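Dropping the structures in below, format is C-alpha cells.
In what comes next, chain A is part of two complexes: it sits with chain B in the first one and with chain C in the second one.
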Partner chain A sequence: MKCEDKVLLNDWHVVADLANLSKGSNHSTNLFGKAINVSLDADGNVTCTKDGKPLTCQLKYGFVWTCLGEPSRDILHVPEAFEDDRFVVSGGSFAVKTSGLRVVENFLDMGHFPFVHTGWLGEEPHTEVKPYEVELTEDNEIIATECYFSQPVASPTAEGAIDVEYVYRVYRPFTVALYKTNPHYDDRMDYIVLFIQPVGPEDCVVHNMLCYIKNGMSEASLRWFMQLIFAQDKPILENQVPRRLPLDPRAETPIRADKVAILYRRWLRDQQVNYGAIAAA
Partner chain B sequence: MTTDLQRNWYPIASSSDLPKRHVYQAQLLGREFAVWRADDGNVNVWENRCLHRGVRLSIGINDGHELKCQYHGWRYANRTAGCTYIPAHPADAPARTICNNTYPTQEAYGLVWTGEEATGDVPALDGFADATVLRPIPLNATTDMVSEALVGYKWNESCLGFANADGSVTVSDSNGVSIRFFIQPTDSHRSVIRGIVNSSLSGDARKDALKRHSWLLQELRDQVEAAASQKEMPAPYEPVIARVAEDLVNIPAIREDGPAADLRVTVAEKEMTADDILKVRFESIKGGLPTFQPGAHIDVHLQNGLIRQYSLTNGPGETDHYTIGVKRDPNSRGGSVAIHDDVKKGDVLAISAPRNNFPLRRDAVHTILIAGGIGVTPMIAMARALNVQGLSFEFHYFVQGESHIAFSQEISEFENAISYHMGLSPEETGKKLGEVLSEPGHARHVYVCGPGPMLDATRKTAADQGWADACVHFEYFKNENEVDDSGSFEIDLARSALTLTVNDGQSILEVLRDNGINMPSSCELGACGTCQCGVIEGDVLHQDVYLTDEEKAANKSIMTCVSRAKSKRLILDI
Partner chain C sequence: MIKLYDYELSGNCYKLRLLMSFLGLEHEAEPIDFYPGNQHKSPEFRQINPLGQLPVIDDEGLVLRDAQAILVYLASKYDTSENWYPSSDPAILGQVSQWLAFADGITTTASAARLHDAMFYTQIDVDVARAGANKLFRILDEHLYFAELDGQDWICPGDHPTIADIACFPYIMLSEEGGVSRMDYPAIRRWTDRFKRIPGFVVMSGVFPAGPAVEKEAERAA
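Up next is the complex of A and B:
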C-alpha cells in the first residue's frame, strides 16, 4: 500500500532515536514503506537519504526527524520538554506489528488498564470508566479531559492506590500525548508523548518522550516503568484483527468509554487519512 | 456469495485439542476461529475476534462458563456468544444484541467440525463408530494436491485409496484396516490432514499406529510441499468480517416495543423446590435462547391470558435453558396459581426475551445480597455470577423456616457466603438488617429483593447507616402503592415533535401507545423499570417503586406506566 495522504507525506516523522545511533554508522529503516537510511558521522551530523538522495532532516528532542514531501508545518512544540525540573528522556523505540493508528487508539483507552496492566495502571474489580469530556479544538486537535481512573501503581513514585486524572491529546494522526497526575503535586502533571513512525500500513515503531517531574524519580526507573507498560500492550496490539484501523463505524462496537476513539476515527476520516486504516465504505 | 466450500462440514480440531478451560485457535478458508469447550461439555466455534476492538478471543480466558476477552474483560456466554458484561460500564446491562459470530458445530468421530454455512449433519461414516484419531498433519499445499497424494498413500502393499464425493480420501488394506482422511483447507494454499482409523485402538497397537502414520504422513508432507514449492500458489482467501448491527454503533441498543413474547419454549421440568415454591425449567423449541445477565427477568404469557414477570436463576454459561421460581400466592390475581395448577410439563408457552433492569455491578470490593422469601431468585443468578468470577460476596436469605428454602441445591454452591435467617419477626428482621448493613464503604454494594415491607426496611436501614443511595440496588415484586391516575396534563415529545394530552384515568404509556409511539414495557405496575423514559422539563409525580429516592428527586426520568405530571406539562426525551 502506497501512502497518498498529503497530510502525512507533508509532515515530519521520527525515523530514529539519536541515542541508538553510534558515530560513523548507518541505520536502515522504513517510512510509509520507503527505505530510509539514517547516518551519523564522526562529528555528530545526521543525514537521511531515500534511494541515495538526501531528505530534509532535523534533530529535535533527541530524535531524528524527516519528511518525504514538503513540510507543511513545523515539528510539534512541546513546552514541557523545556522545563528544567523535568527529566526529558526516551523510554525506548518499540517495533509493533500493527498499524500505528491502532497504537494511538490503545494509548487513548482507559478501559484496558485493569486487564492488560493488572496491578499497575488498574486492577479488577475497579473497572469503571466514568464519563469524560472530549472536544475538537480550533487547532484541530482532539482533547479528552476529566478522565479519572483508580490505579494501584500509577507511576514509579506513587505509593498505594490513587485516583489518577488524565488529559489526552491527539495532535496529529500519529502523534498522541497524555498528561497524568503527579502524586507529589496538585497543579502539575507528568507528560508522555508518542511519536509513532509509520513503517508500513501494518507496521510501526513507537518512539516516545517522557517529561516527568524529577522529584523522587530516577531516569532509570522511568524508563523501566514505560518499558514494563509497553511490553504489556504489545501482545494485545499484535493480536488485533484486522491490523489496520477500520474507519467504518460498524466495523467494531464502541461503548461510551470509547468516546475519544470514536472522535479519533471520525477525525481521521474527515482528514482523509487512509494509511494504516481501512477506509469507510 | 456462499460457495460449496462454505456449505461443507470440515474437521477443524481433534476433540482432544479442547481440554478443560483451554481456548484453541483454528482456521478454515482463511477465517480464524476461537474454539472452546465449556464445563457443561458444549463446544463453541466462534469468530476469533472480540466485537469491541478486534482482539483475538483465542488469547482470552475460558472460565468454564464464559469466554473473557483479554483486552477489556468483555464476557461472552457459552453457546449464544452474547455479551453478558462490559466491565467499563458496570452499572449497565449490555444490549443483548451484542453477539459474536458463531458457526455451526458438531463433534463426531473424535473430531470437531464446522463450516461457515454448513447445515444438516456431518457426513455419516459407516464403520467408524469407534475411531482412532491420528495426529493432524499441516501442509503448505492446496487441498487438491493433498487429495491426489493421499489416494496413493500406502502402509502396506495391499492399500488401495480413492477420493470420496465429499472431498475426503479413503484408504483400505486387505486386512480390513481403513483410514478416512479429511482435508481441512485452512487457507487457499494451506491444508491440514485429519485422519481417523476404523477401530478403537489401545495400548501398543495404538502407539504403533500413531507412530507409523505420523512417520508416513510426514514423508507425504515433504513430497507434497516440495512439489507445491515449484508451483504458483493461489492468493490467500480474504474472509469478509461481518459488520456489527447498526443499532450497536450507538449504545444502548434501541429497545423493542411492548410486552413482546417473541420466544416459544416448552416446560421441560416442573418440580417443587420448597413449600409452595415451584421450580420451572424452560427449553427452546427451535434454535437457542437469547443471552441473559444476572438480575434479568422474563415475561411469561400464561394460557389464561395473564402476563407475569419472573427472574432467571441461571448461572453464567447456562444458556440452553431458563429456570424460574414461582411462589403460589392464593391472593394474587391468578398468575402463580395458574402456573402451579394448570401448566404441565411439555406445555408450550410464549415468553419474552430476558430484560435486565436489575444489573449486577462487578466492580465492587464486596457485595451483600439480601433475599426475602421468593425474592431469592435474582439473588441466586447474581451469587452464581460472583462465585464463578471469584468476587467477594455474602448472601443473606430471610425465610420462614427450613421447608421454605428454595433452590437449596444451587445455594449449596455458596457454602461460605450463605447465611440463613429463619422465622424472624419484623423487629428481629430489622435488627438483623442493621447488623448486615453495619459497614458501608468504598465500592461496597447491596442488592435486595423481597416483599415490599422488607425492602422498605432495608433501604431505610441502609440510608440510616450511611450507605449511599447509588450503592443500594433493589427490585420490588410489585408496586403496593395506591396509584393516582386522576387529572389531565400535556406531554411534549422532544424527539418526535408531538404534543399529546393524558386524560384523567389514562397513563402516559397508554397515550403513547394509542399514538403509535414505541415504548417497551413489562409489568406496567411501576416495579420493573422497562418503560423508563427521560424527562427534559416538568415536575414528575413519581408513583413507581423502581427509581431510587435520589433518582426521583433528580426528576430526570419517569416510569410511564404509573407516574404522572405534577406540573401542567412534561417534556419527555422520546
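Up next is the complex of A and C:
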C-alpha cells in the first residue's frame, strides 16, 4: 500500500527515539513503507536519508522527526513538556504489528481497562464506561472530556484506588494524548502523548512522551509503569482483525462507550486518511 | 528480604516472580531500566553482575545471577516440601536439570525473536531465532503429548510441577510477540493452561490469566 494521503505526507513523523541511538550509530527504519536511515554523529547532529538523499529533519522532545513531503505545519507544540516540575521522558518505543490507527483507537478506549489492565486501570465488576463528552474543536482536534473511571492503581505514585478523570485529545491522525488525574493534586494532570510512526499499513512503532509531575516519582518508576501498561495492550492490539482500521460506519458495531472512536473514524474519513485504514465503501 | 533486580517485561525475571509467588515468598523489587535505558549494561550494574544481565537476586548478601540458578537456589532453600525441586531423587533431578538447560535454549531463540520484533534488537537474525524456537517447541510438544498419555501433567514425572515448568513457561507464553505461533503445538497449549491454574499463579504484561469460567468448571470437577 502506497501512502497517497497528503495530510500525512506533508506532516512531521517521529522515526527514532534518541534513547535508542548512540552517537556515531545508524538506525534503519521505515515510514509509510519507505526505508529511512537515521544517523547520529559524534557531535550529536542527526540526519535522515531516503535512498541516500537527505530528508528534512529535526530533533524535538528527544525524538528524531522527519517529513517525506513539504511540511504544511510545525511539529506539535506540547506546553507540558516545558514545565519545570515535570519529568519529560520517553517511556520506550515499541514496534507493534498493527495499523497505528488501531493503536490510537485503543488508547482512546476506556472500556478495555478492567479486562486488559486488570488490577491496575480497572477491575471487574466495575466495567461500565459512564457517558462522556466529545467534540471537534475549531483547530480540528478531537477532545473527549468528563471521562471518569475508578482505578485500582492509576499511576506509579497512586496509593490505593482513586476515581480518575481523563481528557483525551487527538491532534493528528497518528498523534493522540491523554491528561489524567495526578493522585497528589486536585488541579493538575499528568500527560502522555503517543507519536505513532506509521511503518507500514499494518505495522507501526509507538513512540511516547510522558510529562508527569515529579512529586514523589522517579523516572525509572514512570517508565516501569508505562511499559507495564503498554505491554498489556500489545498482544491485544496484535490480535485484532483486520489490522487496518475500517472506516465504514457499518464495518464494526460501536457501542455508546465508543463515542470518541466513532468521531475519530469520521474525522479520518473527512480528511481522506486512508493509510492504515480500510476505506469506507 | 530477598531483593530482585527486576524488569517487568523480562520473562527471565518473571520466572522468579512466579516461583516466589507460588511459595508465598515476599520480595522487594528494584526496577532496572532495561529498555530503553540499557541500565543492565551500565558500569554500576556490572558491579552486581559482570555479565550485564537480568535477573539478579540479593538474599541477605548472597548475590546470584541467572534465572535457572536462582530457581534452584530459591526452591532448595525455601520450598521445604521439595515439590518444586525434588533433589532427593537422582532421576528426577537429572530431568529437571535437563529441562532447565532446555529453557535457556528457549531464551536464546523465542526471547531473542521477541526482542528483535518489539525492541529494535536488529542485530538478531530473527529467522534463525524463530526456526530455533519452533524446533524446541516441537520437541517439548511431543514430550508433553507422551507425558499426557502416561497421565502426567508436567514436564518432569510426578504429581507436582517443578522449576522446569517455571523455567520453560514465560518465553513460550510470550512467543507470539516474536512471531512464533503456538498454533501447531496443542500439547504445549494444554500445558500452559494447566500452568496458569497452579495456585499462586501471577501474570506479567503480555500474559493473561486463565478464564474464570474455566476455573469454576475445574473447581466443580475437583
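We take it that the second predicted complex is superposed on the first by the 281 of 281 C-alpha atoms of A that agree within 3 Å, B and C clash if a C-alpha of one lies under 4 Å from a C-alpha of the other, contacts with A are read in each partner's own complex, and residues count from 1 in each chain.
Here is the rule we use: a contact is a pair of C-beta atoms (placed from the backbone, for glycine too) under 8 Å apart; a residue touches a chain by one contact, two chains touch by 3 or more.
Note that the structure is a prediction, hence the values are computed from the model and not measured.
Peer 1: Quick one: is A:58 in contact with chain B, with chain C, with both, or with neither? Answer first, second, both or neither.
Peer 2: neither
Peer 1: In the overlay, answer first, second, both or neither for which of chain B and chain C A:17 touches.
Peer 2: A:17 contacts chain C only, not chain B.
Peer 1: Could you tell me if A:224 is touching chain B, chain C, both of them or neither one (first, second, both, neither)?
Peer 2: Once the two structures are laid over each other on A, A:224 reaches chain C alone.
Peer 1: Based on the superposed arrangement, let me know which partner A:252 touches: chain B (first), chain C (second), both, or neither?
Peer 2: It touches chain B, and chain C stays clear.
Peer 1: Once the shared chain is lined up, is A:28 touching chain B (first), chain C (second), both, or neither of them?
Peer 2: Touch partner of A:28: chain C, not chain B.
Peer 1: After lining up the shared chain so the two structures overlap, which partner does A:49 touch, if you call chain B first and chain C second: first, second, both or neither?
Peer 2: A:49 contacts neither chain B nor chain C.
Peer 1: Which chain A residues lie in the overlap of the chain B contact set and the chain C contact set?
Peer 2: In the superposed arrangement, which is not itself an observed complex, chain A uses residues 235 for both chain B and chain C.
Peer 1: If we count contacts the way the header does, which residues on chain A are in touch with chain C in the complex?
Peer 2: Listed in rising order, the residues of chain A that touch chain C are 17, 19-20, 27-28, 90, 92-97, 118, 219-221, 223-224, 227-232, 234-235, 238.
Peer 1: Over in the complex, which chain A residues touch chain B? Could you list them?
Peer 2: 105, 110-112, 114-116, 124-129, 235-236, 239-242, 246, 248-257
Peer 1: Touching residues of chain B toward chain A in the complex: what are they?
Peer 2: 32, 48-49, 51-56, 59, 69-73, 86-91, 98, 241, 243-246, 248-249, 251, 362-365, 391, 443
Peer 1: Contact residues on chain C for chain A in the complex?
Peer 2: Checking each residue of chain C against chain A gives 8-9, 31-33, 35-37, 117-120, 122, 176-177, 204-206, 208-209.
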